[in-house]
Each structure stands twice: as C-alpha cells, then as structure tokens.
Amino acid sequence: MAWTRDQMAERAAKELQDGFYVNLGIGIPTLVSNYIPDGMTVQLQSENGMLGMGPFPYEGEEDPDLINAGKQTITALPTTSYFSSSDSFGMIRGGHINLSILGAMQVAQNGDLANWMIPGKMVKGMGGAMDLVAGVKKVVVVMEHVAKNKDGSESAKLLKSCDLPLTGTQVVDMVITDLGVFTIDKHGEGGMTLVELADGVTEGEIKAKTEGAFAVALR
Amino acid sequence: MKKVHPDPKAALDGLLHDGMTIMAGGFGLCGIPDELIAAIQASGVKDLTVISNNAGVDGVGLGKLLETRQIRKMISSYVGENKEFARQYLGGELEIEFNPQGTLAERIRAGGAGIPAFYTKTGYGTQVAEGKETKEFDGHHYVMERGLFADLAIVHAYQGDTEGNLIYRKTARNFNPMMATAAKVTVAQVEHLVQPGELDADFIHTPGIFIKRIIHVPVREKQIEQRTTRKRKDAAPAAAGGGAV
Amino acid sequence: MKKVHPDPKAALDGLLHDGMTIMAGGFGLCGIPDELIAAIQASGVKDLTVISNNAGVDGVGLGKLLETRQIRKMISSYVGENKEFARQYLGGELEIEFNPQGTLAERIRAGGAGIPAFYTKTGYGTQVAEGKETKEFDGHHYVMERGLFADLAIVHAYQGDTEGNLIYRKTARNFNPMMATAAKVTVAQVEHLVQPGELDADFIHTPGIFIKRIIHVPVREKQIEQRTTRKRKDAAPAAAGGGAV
Amino acid sequence: MAWTRDQMAERAAKELQDGFYVNLGIGIPTLVSNYIPDGMTVQLQSENGMLGMGPFPYEGEEDPDLINAGKQTITALPTTSYFSSSDSFGMIRGGHINLSILGAMQVAQNGDLANWMIPGKMVKGMGGAMDLVAGVKKVVVVMEHVAKNKDGSESAKLLKSCDLPLTGTQVVDMVITDLGVFTIDKHGEGGMTLVELADGVTEGEIKAKTEGAFAVALR
C-alpha cells in the first residue's frame, strides 16, 4: 500500500516547524498547506513577490492583481507583504526561506536534482526552480518513486546520477515518494539514506525500484 | 518637462526601431503593460529582443507580438502558456535564452544599478552556467551573471503622478520596478494618474527619475490566466501554493 | 513564534558575544536604533566589528559604544562627527575600513540577497580598490566588492507589526532595510507596534521574514545633528543641498 | 576681479537643464539651487535616500527624520520620494542622475579628482563622493582656483596629476573656479580647455596659477 498524494503531502508537512517561511511548488507540494498542524504558524512565500499567501478566493472575488507563482488567483492574509521579483529572489537566494517543497523528475544520490527539461521535448523554462533549490535552506522533493513510461514500463527516478539536465547540484535534503522517505547528506559524504517506509512497503520493493545507492536507517 | 502623453502611440513616438531590445514588465498576465504592447504591435517594429519573465498567452500580452512575428529573441524564465511561441520556437523562427527567474530579476536590477556583473549560486553546475565564468567564494561555487540594460522598458503601475512616481498593486508589482530602472527610456502606463503630492512619498515604489513618459490607461477588465476559487461552503480553506515547477 | 519582546535587553538576550559583527542602521543620527545600542552598551560585550555608515556623535548612538571602548573595528563611509572616534583612531585603538557609501550599501544588500560579490565602477583607480580584483566589461574598468553579512543587525523603524513587517519614515529609512536582510538575526525597534493587517501590504518596506525579534520603543525627542532652518520672512526659499563631501 | 562664491554658483547653475535630476555637494555647490532659473524644473537628489529635496524648514518645523546628506534638516516637496541607501546609490551608480556639482581639493588635466583625504590628517571618509563621481553622467567641480597655504603662499589645484589620494579617475567634465571655467575631455584625448574667464581675469593670470596643461578656446 503505497502512500496517496495526500499522504505524501501529509508526510511532507511534518518537516514544517512553527514560524517557518516556506515555498511550495505546484502539484503535490501545494497540498502540503492542507496539513499545517493547528496552532502552528507557517508563512507561505510565492516567488512572484508575496509573503503570507492565503487560500484561493471565493468565487466572484478573484483579483487579477493577486496571483501565485503558478498564476492562480489567491488571497492575502493580515500578515501579507508584497515585493518586487528582485526582492523576492533576494529573499530566496539569501537563505531566508526555511523550506522549499517541490516536485522532481529525477534525484541523484548526491542530491542533484532534475526537474525542468527533457531533451527533445518543448522546453518551457525553469522559472524560479533553480533559484529555490540553490538558495533555500532545506529542500524537500515530493515525487512518485518511479516514472511510468508510455509503454507501461517503469523507470527509476532516484538515481546514481541524473541523466536529465540538472536544476541544481547537491541541493536536495530529503525525498518523499509514495514508497518512503530518504534523507540526503548533500554537502557531505553521507550519501542517501532510507529512513521511513510507507505502510505495507518493504525494503525489498524500494531496493528494486531505486537505482541510486542508499543506506537504511529506519526510524 | 512634460512626461504625460495622451496615448500609447504618442508615448512611444520616436522610441522604436527594428532590432532594439525591449523589457516588458509583468508575471504571466499580471501587471503587464498591455496597452503599450498593443501600440508596439501596431507600430510594426520588428526583430525585437524582448526581456520578459513570460511570453504572454496566445493573442494576449506579448502573445500579440509573437502573432505578428515581431520578436526575434526572448530572454525569459518560463514560456509555457503560449502555443504560437512553441510553434515558432520549434520551427527555429524564434530564439530563446532561458534565465532562472531570480537570475533574470537580479540581472535587470543590476543593469539599472550600474552593476555590470555579479555572482550567484543559482544554476551552478547546470546548463545555464555553460560558457560562463565561475568563481569560488568561501568554499562555495558561483556563476558570474551580467547586468541587463534595454533600449526601452515598458511597465504597468496602479498609480502614477505626473512627475513619474509610481505605485504598483499587489503581485502586479513583480518585474516592473527593476525594469523601470534598466533602460535608456522607460514608459509607464498607469491605471490612475494623479498630481504630485497625491501619492505618499514614503510609499512610492518607483521614483519619477526612472520614468521618462507616462500615460493613463482606462481601467478595464484585467485578464486572469488561472482562475482558481474555493466554494463558500468550504470549511477548511484550500491550499494556494504553486510555483512554476 | 513570538517575535515581540518587552524591552531592548530581552530582545538581545542570548545574541551577544565578544568579537561579533553587528550592523547598525541609520544615517548620522537619523533612523538609528538608539535603544538597542544602549542595551548593547549595558551588556558590556566587546571587541565588536560594527558596520554602520557613520559612528554617531560623542555620547550618542554608536558614540556610546566608542566611549566604553566596545568597538574594535568600524566599517563606515564617513565618521567626521565624533571626537572620541578621532582620538581612538589616531591612538591606534580603533581600526577603520572606509567604504564608499554606495559600495557599503550595495555590499550589505548583496550579503542579504545571496550575492557573494559584484562589480562596481566606484573607487576604481583609488585607494579603496587596492588589493581588490578588477575586471573590464565593455571597455570600462570595475572593482570587485564582496557581500557583507553580520551576526546581528539592529534597525529602527517607524511602524512594525507583531509579524515583523516594518515601515520606515522619510530619510530615516537609509541603511535600515538592507541591514535587516543581512544578518543571522535582525532585531528591530519600532516607534509604533501594531497588529498584522494594520499595515498596508503594498507599502511594507521590510517583510517580517527578516525580523526575528521586535520591540516597541516609546516615542521620545529625536536628536538633530545639524539644525538648519530658514526665517519665515524669507521670500525665496533657501537652498537645501549638501552631500557628504 | 575674480568671481565670488555666489557668482561661481550662478555660473554652475547654467549647466542645469529643464527636467534634470541633480546632486549637489556641500559648500558652494549647495548655493547653486538659489540660481535655478524661473520656470525650469530641477529635482535635487540627496544620496541618503530622497529625490525632490525642498528648502530648509521654518524654525520650529524641523523633522529629525528628514535630513539631507549633510545631515541638515530639510523639507519635502510634492514630487518627493524616499528610498533606501542601496536604491539611492543604484540610482547614482546606474547613471540616472544627470548632473553632480561638488567641491574638490585637486583636479588633474585628465579629469582625475581628489577631494576626500589628506595624508597625515584625520580622515573622515569619502561618504558618497566616490559613487557620485563614478556614476553621475556629468560631473562639475566648483572650487577656488588655488589653495591658500598657512604660510601665505598659494598652491595650484588644477594639476598635471593629483598628488592627493584620488576620489575617482577621469571623472570630471567641467571645473568652475573663481577665475574661470574649464572643460575636460575625460574619456578622450582632448585634455583640459579654458573656455571662460571671470570678469577682469586674464589668460596670463590663469596660466600662472594653473599647473595642468590646458588649451584655450574662449567662447
């Protein structure tokens, strides 16, 4: 029984701490904000120039001047502040954001990350992803453990080294997949370690579906 | 010195020439100088290099200039919402230089602030660092990035006075303030044009020195790219995260 | 996360240690975090490196820390108004690193924004460029300057909310916004402490993310360094120029 | 009959143009704002973070939060905007200020400027002077033609090369002294040219009091 998308988001939410400033990517990371524990204060940053992102607006109350980095209409909170893109990325690059949770195509055992382009396919651009992974203190990737190919086969996404063009080198601290949780010693020699299993998932299953080397230290 | 012009065409008079570089503010369709873009389209100027975080959507914003093939090259961070863009790009008609969004913002800020180059961790060891100088500081590796400066910048603001002082609204601020500083001439379109003294001097985002020409654009329906809402019955507010990747 | 502390001493608790680097906002005596400086004096912490545009005047602002010989080194652009400073400097008790004012401001801004180094024209060919790397871009010569990052920054703001969002007033803004971003911990003293939502989100100068601790300081008589006035009978307004040199 | 301080300021004011943004140093440069022609709009920048500087306040109306770069109390105008020191020097270094008028100890025939320190004397610092001369489009120096020494002798200030530590290299476009006006081709090979004489001053007098080489092209 692998984790659902919501269970992955719930697990990622455990990395939040009171007072954290957090940037969430699109997809599963966005769901993390549904699992902020009661009584915990977390401010969400949107890299297009906002701190203190509120929920989606009620129908009819959308403001075209108030969007998130995914270009979705959102709302403000009493704590909200707006700023320019250069100030926003100064905040990101300067290490002021505590946590970034984002998706990935591939992660290597040394923390390398690929999530912005596939050679031969239309490239849309990296947006703010390269700045986020280079600048944010802790980077957590949430992704499916393996990629499903068109022919029905599966490809590993946790690799010895990424073969897709990189978003950043040695940037990922933790990977949460539908099968379990890994930590990565991105600046040291510690490599990748499997620290948690999803309910009903075995080490053997993970071993079979992971190309990158990892130690096991379940907690 | 009269900065106020009657309409977009007049505000751009004498500023446009083939092959020039133009910065255009906005993030997605939020805070884009749409009336000035429309006037650039109407002028027929071509072979443009356009520096803008995104490329509009089909037929809207910079999408207009793509439709008429007036753009030769884009410097952007993300261009995913535009079919005509994809067609021209894949057909080799359009050149694109991708910059990480923060690097793009900082390059523009640097260009306006007299900084010819700076170092950033962003992109080190990736494709965007290829061919660029790198340098180690305190045990970390950085890429050298150059400042950007354009022939013309076009920006959108919420309020502006006749001196050119500007105030932006909410996330429509985005790239507009830096771009206003990083061009030989900056033209601003504002939703509300007021007299000097009506804006609070402590809260002016762009001082008038950066704005050479200004036009009042009538308030109209602004476009929304991704209309996302929650139902009023929702007990727990839904999330509203969502970055570009 | 409670950011609000009852007084300057509590706001600095656990943050001070001998030999540390402290950034202090303000220009002259305008916008200086005087109550926090007084608490640093009272703490007795010493061998400080202080980054601040000026060094206060005798007995006021950073002048307090000079009186008690708590400062080992200053990084400043202009220190002309302080006799005790001159005495210690000429006596070899105090080290000073002069930075051009704009270079100092930019170094602090860079430190807070993750930029380890940048190039500037300022000071090329002068003493301040000695021993620094230089580089040519497009036929012009530039000096490489490093970002600055402190252990602690202390800033003064006009308004602040309990989340740490700050608004500065008039020219009391000066170095405070950059310094707020360029330290491991930033402590703000504010004249008016309000609840979140009371400040307009479009006009916040320093987002709360940069402020770890905040204190309310009672409004008191602020000091003026150069009281210059004109007589009411003046027909033509007198000039009010005047730079640092 | 050499020019008075006010006449020097009046001459400097002829370099102003409608719509200019100008930074004035202390001393004689400050007086220039008294000679802005009627109908001409000039905005004064103060490098501590203000554009649109007004006159000194009426007695009793001084605001400690509103000072210029000389730390003097001033007033605001309807056009005024305030900004941070980094934004202020971005404006200066980025070439957005049209004209800077400032004092000097020495100017060399190639445009080198010295105005911040005298070896052996207490150094107060350069403040914003190095940024201003490096960044502002046109730099005009207003100074006495010669320095009066304590022993009553005179030293030339317009030199072949400065012997005091420099504020900037090849930065001065024009020098206005009590004896006349010089232009300097700071980026080219044109050197220094005497273009105006103060009333009653002769080329011979200037020649005798100027160490630097200069051409003469009176207009």
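Labels for the chains are A, B, C and D, by order of writing; each one numbers its residues from 1.
Just so it is clear, contacts are C-beta pairs under 8 Å (C-beta built on N, C-alpha and C of every residue); 3 or more make two chains touch, one makes a residue touch a chain.
As the structure is a prediction and not an experimental result, all values here were calculated from the model.
*Asks:* Shared touching chains for subunit B and subunit D?
*Replies:* Under the touch definition, subunit B and subunit D have C as mutual neighbours.
*Asks:* For subunit C versus subunit D, what separation do you get between their C-alpha means, in angstrom?
*Replies:* Each chain's C-alpha centroid was found; their separation is 27 Å.
*Asks:* Mind checking the centre-to-centre distance between subunit A and subunit D? Centres are C-alpha means, answer in whole Å.
*Replies:* Going by mean C-alpha positions, subunit A sits 55 Å from subunit D.
*Asks:* Can you work out the whole-Å distance between the CA centroids of subunit B and subunit C?
*Replies:* Averaging C-alpha atoms per chain gives centres 32 Å apart.
*Asks:* For subunit B, jot down the residues that touch at least 2 other chains.
*Replies:* Those would be 106, 109, 113-115, 120-121, 168-170, 173, 201-202.
*Asks:* Which residue numbers or ranges of subunit D touch two or more of the other chains?
*Replies:* 76, 82-83, 89-90, 92-93, 135
*Asks:* Which of line, ring, star, complete or other matches the graph of chains that touch?
*Replies:* Its topology fits none of the listed shapes; call it other.
*Asks:* Let me know each pair of chains that touch one another.
*Replies:* A-B, A-C, B-C, B-D, C-D
*Asks:* Show which residues of subunit B lie in contact with subunit C when the two form their complex.
*Replies:* 106, 110, 113-121, 135, 137-138, 140, 142, 146, 167-170, 173, 200-203
*Asks:* For the complex, which residues does subunit B have touching subunit D?
*Replies:* Per the touch definition, subunit B meets subunit D at residues 1, 109, 111-115, 161, 163, 165, 181-182, 195-197, 201-202, 204, 207-210.
*Asks:* With touch defined as at the start, can you tell me which subunit A residues reach subunit B in the complex?
*Replies:* 23-26, 29-34, 44, 46-50, 53-76, 82-86, 88-90, 92-93, 102-103, 115-116, 122-132, 134-135, 165-169
*Asks:* Quick one: which bits of subunit A touch subunit C in the complex? Just the residue numbers, please.
*Replies:* Residues of subunit A touching subunit C: 18-19, 21, 41, 43, 45, 51-52, 76-83, 86, 89-97, 135.
*Asks:* Touching residues of subunit B toward subunit A in the complex: what are they?
*Replies:* Residues 27-31, 53, 76-81, 86, 89-90, 96, 98, 100-106, 108-109, 120-128, 158, 168-178, 205, 222-232, 236-245.
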